[in-house]
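Next come two complexes, and both contain subunit A; in the first it sits with subunit B, in the second with subunit C.
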Partner chain A sequence: MGLLKYTIYRLLQAIPVLIGISIITFLLANLAPGDPVRLMLQGQQADEELVRTIEQRYGLDQPLHVRYWNYMTGLVQGDLGYSIHRDRPVSELMLERAGPTLLLVLSAYVFAIVTAIPLGIIAAKRRNEPTDHISRIVALIGVSTPSFWIGIMLIIIFAVQLGVLPSAGLVYPWQPPEAAGHDGYLEHWIESIRHLILPMIALGTLQMATLMRVERTQMIESLQEEYVKLARAYGVPERTILRKHAFRSAQLPIITIIGLNLSTALGGAVLIETVFAINGMGRLFIEAIQQLDYQLIMGVTMVLGAIFVIGVVITDISYAYIDPRVTYGERE
Partner chain B sequence: MSEPLLRVENLKTQFFTESGTVRAVDGISFEVHEGEIVGLVGESGAGKSVASMSLMRLVEDPGEIVGGEITYRGETLFGLEEGPDGELRERDEMLSESEMRERIRGREIAVIFQDPMESLNPVFTVGGQLREFIELNRDLSSGEARDEAIRMLREVGIPDPAERYEEYPHQFSGGMRQRVLIAMALACEPSLIIADEPTTALDVTVEGQILDLVDDLQDRYDTSFVWVTHDMGVVAEICDRVNVMYLGEIVEQAPVDELFYDTNHPYTKALLDSMPRPDRTVDELDPIEGVMPEAIEPPSGCRFHPRCPDAREVCTRVHPETLEVDRADGYPHRTACVKHDVFDVDYDGSVPLEPGDEAETRVGGTGTEAGADSNSSSTGEEEPASPDGGDPQR
Partner chain C sequence: MATTESQLEEQQPSVGPGEDEADEEVETRVGWRYTLAKIKRDATARIGLYIVAVVLFIATFAAIDSNVARLTFGAVQDYPAARALPIFDHPTAIPPPGEANANAPPAFVDGGTLSHPLGTDPQGRDYFTRIVYGSQVSVSVGIVATAIGLIGGTIVGAISGYYGGKVDDVLMRLVETLYAIPPLVLIIVFIVFLSGGSPDIRYAIVGVGITFIPVFARIIRSRVLSVREMDYIEAARAAGVKDRNIIRRHVIPNSFSPVLVYATLQIGVTILTVAGLSFLGYGAQPPTPDWGEMLRIAHGRYMHSNIWLSIWPGLAILVTIMGFNLFGDGLQDALDPRIKN
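And then the complex of A and B:
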């Protein structure tokens, strides 16, 4: 029961956060120079009458606070707004674009976790040995290199020079194979993976490097705990100590980092989608800003904000799963 | 007397740090017989814990056992010999690391650590940790180990053991956790338990309960103990024989009553004077002056002389061996103080040290080894000690 109550409580706590995000985004978007209607009519001679008609139709002639109020009343009723530039409801666009972004971010995380944790453990175990030094240098490079640059380098090496992997777009595994022109599911899925590899590495490297550094530090600390010494004194093999006794308590900060870095990962996805020509939310967001498509900007931001908030709540919940000392705010 | 369970001879453990070599344990010898509780007493930094961890070969980097011999039931836990190239090397019969892990640690020698709050893993259930160690060291199935764990929890006085089995360490009080750690040690059915200040972190009433419990369990299981403590009160209560350590050396070794009533070494005497005793009435307790010097550059001569009320000039020059001065209950009473007659170094004719004379004290060297059969003792000359070429203690 505690878990459900706690989850609801945390989600309710997220509401003020989302309201804050909405106000800031709304102001920033509207304060940006330029007029969305004139941008839309670009190329045509801007007819004052036409501009005014369009503004009236989308409520752009009203004062800012009224427009914000209108937008928010729509939002609480589940209406994400309407993209004037694309002439489609924002929610429809979101449904189309959220899949690729989530696929990219999740696969980048999987890549980061499955590489960073074993590497971090090995570095901690072989502290101050060559393995440790190499992994620390790799981590330092990973942390300090921009993801879009890694993406471009990967494209140059693997797509242009070697020609072994595709450099643009994604193949969505949830689509039927025929839609992508593939003969069967096997080919379809192999193609999905092949398309995913480069953007996944480009986006995941930063996460991997961050996680590895934290994993190393935590494991070093954990390996010096009294209970690890006790396990050694009772003849527990070193492998078991690494994988069980020292490992579990070292993972709490990792979970925190994973949760908090969701914002970095989502932000990085915007760049990576551009570099790899992936039609996800990130690219949609950039286009929306260029076109000053207010409601689309708002929609993307709110959805990304919600994903982040949910990620943090999941992080908090998984704490208690790993550490029995963490309770959901109830006393025994 | 039968062969001792554990025999430690001239054990030396050093830490190789950037600021120099720390001689944490510097040539100690003692024995533990079946069913005995042997105390290892001294101030913080005397090398008690390092000595006890050396017994299981669990000294952590940058520490290393550099000399001596540890024999447990005829097996060589540690032993060096001179190789054909003149270098010291591990003896063939010395147990390998995996033999230590599989046959000795937990199975034959178990430990109880000082801090019950830190010694249990916070993310696993108490029962699960207990079960794991039992399973590992007694070749029981998971189910049998579980039953045994619950039985042991009951044995050490934990109420509702079956329910507490499923709980996590943070749900236990300090005293209860220490009971769990004792259960852990006993449940592996070792012949020797190293208890490293197991009651220091507990309050006095709980300490009393734990000591009673150990006394009671020790009678029933006939386990031997090496009991590391700084508390002479605890020593009086449970130990059979005592080793007093100062700066990496054993300065006095005797059965407990002999040590208390026929105290030989001024350090032991100072330790005893610094605590309240029911058999003596004093107006004020007498703390030991100063702090123990660093083991990195021990004082010359007798290491205790800068703090010793009875120090004389000879003490700054002569480093006393631990020699047998008496016998009590069939055990030797050994001491390392030149005041005693067996040391033929003319203590009585030497000038007493005044406060301030310590400035003359040379540090760094261990000074001359003095012993009844040592001819260097009469010359009174200092010889710089080579790193591992210290004189044998007997």
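And then the complex of A and C:
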């Protein structure tokens, strides 16, 4: 199978999972005790006539399978439903809120990769020396600390006590500077970076710690490979061995981990957006939950699931692309 | 929390269902003794073991203490009665207006007193007491939710791996699907829809447990795939033992040990998740003392005026999870001789 064929094959494989996500979110929302309209009115005296009118208008009076079919046909056309609560299409809301979340998650990944890989390599190279022990302690604390608490601590230190960085919100680099009240692009971009630093670290620490652990183990393993020993015997300088021989093969598992951790990162974004008052998808989800906005909850869950599935497909494909040894697609 | 403790006790015997077979028991015992000896030699694993032991002790102790309070004094909110307790104030007891000492700093800071070593919260409750009682919620929820995931995952994984074919395909697609939705999001959706909009820690436990089924199912399944090819399974089948009994008595006991290690590590993740849920307001509800819930109150209004409110619960979570992680890592190293540091 060629690379293109493999790509198409992987994309097709993602479809059942996407359908599965839609079924789960749909069933959870529709089989739940209590009916949506009454829950939405939250205890207010519901006029029977009004309830029936609302149900009819949004097709809630139809049987379950018909509603699912309607939902699915909408999904295929990119229609995620209509938020009764906000009187706006869900897809429009999602487009508005996806930017900040993606910016946050991507920057957290950049932070994690940029810090974890060098630290992992150093730890592997100086195995069982003090540097290694320190890096292992850092990784351990990183996987044991709640991201939202890191966020709170960063706010207390850098925003409240030192007053050097802002504690809430983001400045979107894709907006014109005037919209944020800045004079020029330079100031605008500096401001957007300043706003991004703390949430990025808070969300990225867990990823950094996980990646560092994997990088360390992988480097240790690949430094023990026969071809590394051979290179050493030939007198190849240690730096070249690290950079050329050991490094490349050690990066493959990292790619997989990045893809799989996307799910944790997106969940973490819900917490971090709450801590830093960022108006992304995570906050939108919490708002939807608080308002019991069924269509919006289904929409956000669906989109987050889809982002994860697409992320995994992308990492799988890049894996196959980078590693020539991978024989793609043949199932056991 | 007394109910969850007893549930836990009920679940524990299921850890070793193969114990009635004499020869198997000897084998596992030797394995465990060897493992324990190895952990004792490993310094970091030992630290983990101590932390876990201390936290478990505090949690159990707090459970007994609060049950004594409930049994003796009835209503726990009744402050003067609860204060008669020899050791702690009751964590939910709000002092009467005259005595209220809200947002007091910890003892080692100016203005702090030794009677409130970690200070008080905005309602004047002793923060140290609340941190101690918080261990009870976090640890019991962490263990019970992990146990639900472990049991569910073992059943799903064993069936999937043993039967293979279509059953396996369907179950694994389902597992993959559950895996795709960010756990925190899926759990909140579960909690809100199942509870009809009024969240509660019990829904959080079930939600977290169900969400972690896929993780365990995958590990068990991969073990079962190799176990089911063993001769003794073939023999049992030839002897006419029912599939259900083969799975229960042979397949699961022989696939279990890696999952148990994983479960130890997973307890840390569970506690982290539940803390996040409580922080968002979908886990423990006030006035229950819970570390995540305490951080929810501290976040925002009190980050400027009383930073201690944010520091203690976070440190408690960090130390607890670190204990479980260190212990789990040590267990893994001891059981898997290939990874040597």
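Definition applied: the second predicted complex is superposed on the first by the 309 of 332 C-alpha atoms of A that agree within 3 Å, B and C clash if a C-alpha of one lies under 4 Å from a C-alpha of the other, contacts with A are read in each partner's own complex, and residues count from 1 in each chain.
We adopt the following convention: a residue touches a chain if its C-beta (ideal position, glycine included) is under 8 Å from a C-beta of that chain, and two chains touch if they have at least 3 such contacts.
The model shown is predicted, which means the values in this text are computed figures rather than measured ones.
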{"item": "Room on subunit A for both subunit B and subunit C (clash or fit)", "value": "fit"}
{"item": "First, second, both or neither for A:141, with subunit B first and subunit C second", "value": "second"}
{"item": "Superposed model, angle subtended at subunit A by subunit C and subunit B (C-alpha, nearest 10 degrees)", "value": "80"}
{"item": "Partner chain in contact with A:160 - subunit B first, subunit C second, else both or neither", "value": "second"}
{"item": "Touch count on subunit A, higher of subunit B and subunit C", "value": "C"}
{"item": "Which superposed partner A:270 touches (first subunit B, second subunit C, both, neither)", "value": "second"}
{"item": "First, second, both or neither for A:229, with subunit B first and subunit C second", "value": "first"}
{"item": "Contacts of A:212 with subunit B and subunit C, given as first, second, both or neither", "value": "neither"}
{"item": "Touched partner set for A:308, first subunit B, second subunit C, both or neither", "value": "second"}
{"item": "First (subunit B), second (subunit C), both or neither touched by A:322", "value": "first"}
{"item": "After fitting on chain A: smallest Cα gap, subunit B-subunit C, Å", "value": "13"}
{"item": "Footprint of subunit A on subunit C - complex, ascending", "value": "173-174, 176-186, 188-190, 192-194, 196-197, 268, 272, 275-276, 279-280, 282, 292, 295, 298-299, 303-304, 307, 310-311, 313-314, 317-318, 321-322, 325-326, 339, 341"}
{"item": "Residues of subunit B that touch subunit A when the two form their complex", "value": "56, 58, 60, 101-102, 104-107, 110-111, 113, 115, 118-124, 132-133, 136-137, 168, 170, 181, 184, 188"}
{"item": "Subunit A residues touching subunit C - in the complex, by the definition given at the top", "value": "16-17, 20-21, 23-25, 28-29, 32-34, 39, 42, 127-128, 140-141, 143-149, 152-153, 155-156, 160, 167, 217, 263-264, 266-268, 270-271, 274-275, 285-286, 289, 292, 297, 300-301, 304-305, 308-309"}
{"item": "Subunit A residues within the subunit B interface of the complex", "value": "225-227, 229-237, 245, 248-249, 322-325"}
